[in-house]
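Each structure below appears as structure tokens.
You will see chain A twice below: alongside chain B first, and alongside chain C after that.
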Partner chain A sequence: MTALLEVSGLTVRLPAGTVLREISFAIRPGEALGLVGESGSGKSMTAKAVARLLPAGAASTGSITFDDRNVLGLTPSELRRYRAEVAMIFQDPRAHINPVRRIGDFMTEALRAQGVPAAESLRRAADMLEQVGIDDGRRRLRQYPHELSGGMLQRVMIGSALLTSPRLLLADEPTTALDVTIQAEVMAILDELRRSRGLSLLFITHDLELAGAICDRTAVMYAGQIVEVRSSDRLHDDPLHPYTAALAAARPDIAMTRPRLRAIPGRPLSAFEAPEDQCAFAPRCAHAADACRSSAPQLAALDGGQTRCLRAAELRGKLEVIDA
Partner chain B sequence: MTAIAVEAPARRLGQLKQTGAAGILSAAVVAVATVAAVVGPLIAPYNTTVPDTTLAFVGPTGGHLLGFDFEGRDVLSRLLAGAQSSMVGPLAVVAISLAIGIALAVTSAWRRGATDAAVSAALDIMFAFPGILLAVLATTVFGPGLVAASVALGIAYVPYVARVLRGAALKERSQPYVAALEVQGLSGPAICLRHIVPNMRSLIVAQATIMFGWAMVDLAAISFLGLGVQAPAPNWGVMISENAVGVMQGYPLPTLAAGACVVIVVIAFNVLGERLLERAALA
Partner chain C sequence: MPDVLSVANLTKKFGDFTAVDDVSFSVPVGGSLAIVGESGSGKTTIAKMITGLERPTSGTITACDHDRSRAGRSARDRRRRGREVQIVFQDPYTSLDPRQSAIGAIDEVLRLHHGWPSGRRAQRAEELVCLVGLDARQARALPRALSGGQRQRVAIARALAAEPRVLILDESVAALDVSIQAQVLNLLADIREATKVSYLLISHDLAVVRQLTEQAIVLRQGKIVEQGPTASVLDDPQHAYTRRLRDSVPRPGWKPVRRSSA
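== the complex of A and B ==
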């Protein structure tokens, strides 16, 4: 198994504190990995680290390897080439497109930087707009971002990400800012274009079920750590980590009627608040034992997945039944 | 619904009334001065350099609206012809300080860290030297003239550009769209030149306008000292200086007319710059 992207032992410290701890995962060519977790759990920070977009003053240890290249050690010119192979789709398209430039300028910027002639770039951009479901591409290319709706702008962003033929897509909650019906449309377009091109995808979302539908495997993050990696089809029904189980139980389910959704007691911790010498989830965990509070568990393989829980083996199959 | 629709244009009209009159008047003065700088030497009705001492300090007459100067030359003609050197000097100062200042501001905002600290420290040191002192120094080293004085002033004004624009560039650099461009594989210089600098243009224009006024005063002062434009070439600063004797002799008009030209144009540039700055802040 040769991974396209391999992150191992990645720890990121900002001046304010540690935001990522010992992040390890790999994405194979053509594979989609979901990254789910609460706000502040470090999902976006992980994507930013992969795109080398960490804020000034961030210190990273560990390694990120893309196609046998050490991403953290790239020179500026190597970094530009790397970024042609890794495209990123952001949560809020309106903020991530220069508002005073035309759509055509935005979409062809990267192509022209690679030396593609302007006319050819525009032609490819118009074709791409059609592929992401925007008609009348030529006219759209002459419009400004404020003239397009949010859903359309996100499709423009997806299109421009694909224009340079990247090998890995980083999608940071690409549909969170859109309304529900548009979400489904945009997700379908993204999923189809990705599959037809055989791109790898790192998909960040709050939505466990969306991650399950889109991604081959899903990684669950809590307090700057990955607590579980599992194939998406088994994550929901057979979770390995108590946090994943609690997260799943806290979601409404269309097939089940419950008088009340079960919330996880306590509040989500930021990575820099999490205690270093114990399981970060222990204070909120219904299954925490003394051992969980005295040593920090490592990510360990179990039944085809990975989990960062000391009691994972003994809790197998018992995690669903938390409530009385 | 209708209330909102009516309110917007009414408010815009109110803003125009509030800030408009002085701004429009200033813009008109700037326009007139610019036209004079371009065509002044061509439309000056009389010879501007050949003296006729029999007419020295003769007051206004029908054909000579502002009378004659200390060497008997037509004051209005010299004012018109002098507009060119009086305006070109500040223009060069602004161009030089903008070019260097924008480059420094964007570079330090882009690279941050040690580069930013070094540039800021260098700017602090430059702030300590008054521009006019530097210009006088340059004219003593390279000889009197507009070029040496303008270049020296242009460099002395760099911190005023760089300090203001660094803040704006830092703000622009932290905009999400810049991160999106970075991850598209664009190089830093490309993002700076094609996105960050164009998006700061309203601030750049406003700052340039205000600095034009400062530069005009400083260069007029240098010409007044005899280190800038050299007599008998017409220039407002030179005219203030050479006709100053007239004030003691009861003929203040030539020197006051030249002084008024400097004051009016400088005020116009300042007011216009402030208005543009307000607009830049609103946008």
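== the complex of A and C ==
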């Protein structure tokens, strides 16, 4: 397997504490990987590490390799080139698009920096708006962000991320702030453009079902670690890690009312609270044994996926799977 | 069953814009009704009118046989309304007083609404924090020392302190992590069972609506497009918009579909 992006043993420490612990995953060309977890699990921090956007004072160990380049060791000019190949879109487009500049200025900024002439940049931007489903592109390019709805602005952000023809797109909860019908529309556009361009995608979300629907594989994070990686079509019905199973079972179901939801006791731990010498999920896990509280499990291959659970093999077939 | 809250021909206009357009519904004693809609559907404006934060342009709101379409005339009148309807907002990070612990917030409500002596207030405050599952340390901590789920429990306990007949839940579980959301949803079901309080749930999340309510109305651009028992609205939606809402929810085997027009 030749990976486009390979993250290996990545640990990130901030002055306040450790935020990522031994993160390893790979994304092949054209592959979509979902990164799912609750608040504080480290999923956004992982994308920031890949984009080289970690806050000042962050110390990283381990390696990030993109197309055989060492991402953590890029010089400023190499970093500029890297960022044309790795684009990122964020949850709140209004917070990431300059409100006092026109849509056209925002969309063409990266192209202009690459030396593309102004008229040509605007022509490409108008084309791109059409591809993300926004009509009357020429007029939109003259408008300001406040004149567009949230769903439209998110499509503008996706369009401008694709304008430099990146090879990898990092999408951090791009539809979380959108209404559900708009989310479906934006996800359809993102999925279609990604497939037609053979673009790799790292898709971050708290929604297991959404990740499952558009990603080839899904990685589940808990307390700054990856606890499971599994092909998306098997994650829901046949999870490997007790946390994944519990997360799926805790969610209310649109198709039926349950007498009680199977809530996970306690609250999610952030990475810097997590103990080093035991399984971070053990205090909340229905299947935890003494060994889980005395040694830290490693991410290990099992049944076509990977899981970080000491009891994974003996729990096969015994995890709660929700009755469809 | 008699209705504890009913709304008839409720309309709210902001200038030329009609935010809520001729909406009528009622909530029976101990019942639970959902208002489902997306941004701009008018669902939060309805909650604001019921709680007295906005005045209706026309139409009536009746809670516990008292009209509340107009501003309360006296402090006593407004306090009575507080004992009829309470609200829990979406964001537990901004809806609590940062200088007040759970016990402090509850005590203030008990003093204002029931005028009990301090011993009885303290006892009731302990009962309420227990009911929502906060431990002794959390009950005395300031909001900044609590997680989102714990703060939302404080907001629920504070609202329940007034012993309201109706609790409005305005996206109250939307900001919570999945594992915490399940705890709070179970808690809300237990509280309704124990106290016979009625819920008016305002939500865009159809799975949460399914879990917590018996009746639902679907709101679009201020108008009701569909209403009925929650199970039939979700299982067999009659209106095209309700179908589109339901079909937009990710689930196993779901593929997002691009609509022809943007």
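Following the convention adopted for this analysis, the second predicted complex is superposed on the first by the 316 of 324 C-alpha atoms of A that agree within 3 Å, B and C clash if a C-alpha of one lies under 4 Å from a C-alpha of the other, contacts with A are read in each partner's own complex, and residues count from 1 in each chain.
What we mean here is this: a contact is a pair of C-beta atoms (placed from the backbone, for glycine too) under 8 Å apart; a residue touches a chain by one contact, two chains touch by 3 or more.
Because the structure is predicted, anything quoted here is derived from the model rather than measured.
Colleague: Figure out whether A:Thr164 sits in contact with chain B (first) or chain C (second), or with both, or with neither.
Modeller: First partner only.
Colleague: On the superposed three-chain arrangement, identify whether chain B or chain C touches more chain A residues.
Modeller: Per-residue touch count on chain A favours C.
Colleague: Output check: A:Glu6 vs chain B and chain C. Expected answer is one of first, second, both, neither. What do you get?
Modeller: neither
Colleague: Once the shared chain is lined up, is A:Glu173 touching chain B (first), chain C (second), both, or neither of them?
Modeller: neither
Colleague: A:Glu31 in the overlay: touching chain B, chain C, both, or neither? Say first, second, both or neither.
Modeller: A:Glu31 contacts neither chain B nor chain C.
Colleague: Contacts for A:Ala51 in the overlay, against chain B (first) and chain C (second): which applies, first, second, both or neither?
Modeller: Only chain B; A:Ala51 stays clear of chain C.
Colleague: Tell me which partner A:Ile189 touches in the superposition: chain B (first), chain C (second), both or neither.
Modeller: Touch partner of A:Ile189: chain C, not chain B.
Colleague: Is A:His236 touching anything from chain B or chain C once the two structures are fitted on A? First, second, both or neither.
Modeller: In the superposed model, A:His236 contacts chain C only, not chain B.
Colleague: Shared contact residues on chain A, chain B side and chain C side combined as an intersection?
Modeller: Shared contact residues on chain A: none.
Colleague: Touching residues of chain C toward chain A in the complex: what are they?
Modeller: For chain C paired with chain A, touching residues are 38-39, 147-150, 177-183, 185-186, 189, 204, 206-208, 210-211, 230-231, 234-235, 244-259, 262.
Colleague: Using the touch rule from the top, collect the residues of chain A that touch chain C in their complex.
Modeller: 38-39, 133-135, 150, 155, 179-185, 187-189, 191-192, 206-207, 209-210, 212-214, 236-237, 246-247, 250-258, 260-265, 267-268, 284, 324
Colleague: Which positions of chain B touch chain A when the two form their complex?
Modeller: Per the touch definition, chain B meets chain A at residues 112-113, 175-177, 179-188, 190, 194-195, 198-199.
Colleague: In the complex of these two chains, what residues of chain A are touching chain B?
Modeller: Touching chain B: residues 51, 53, 56, 76, 80-84, 86-88, 90, 92, 95-101, 109-110, 113-114, 157, 160, 164, 170 of chain A.
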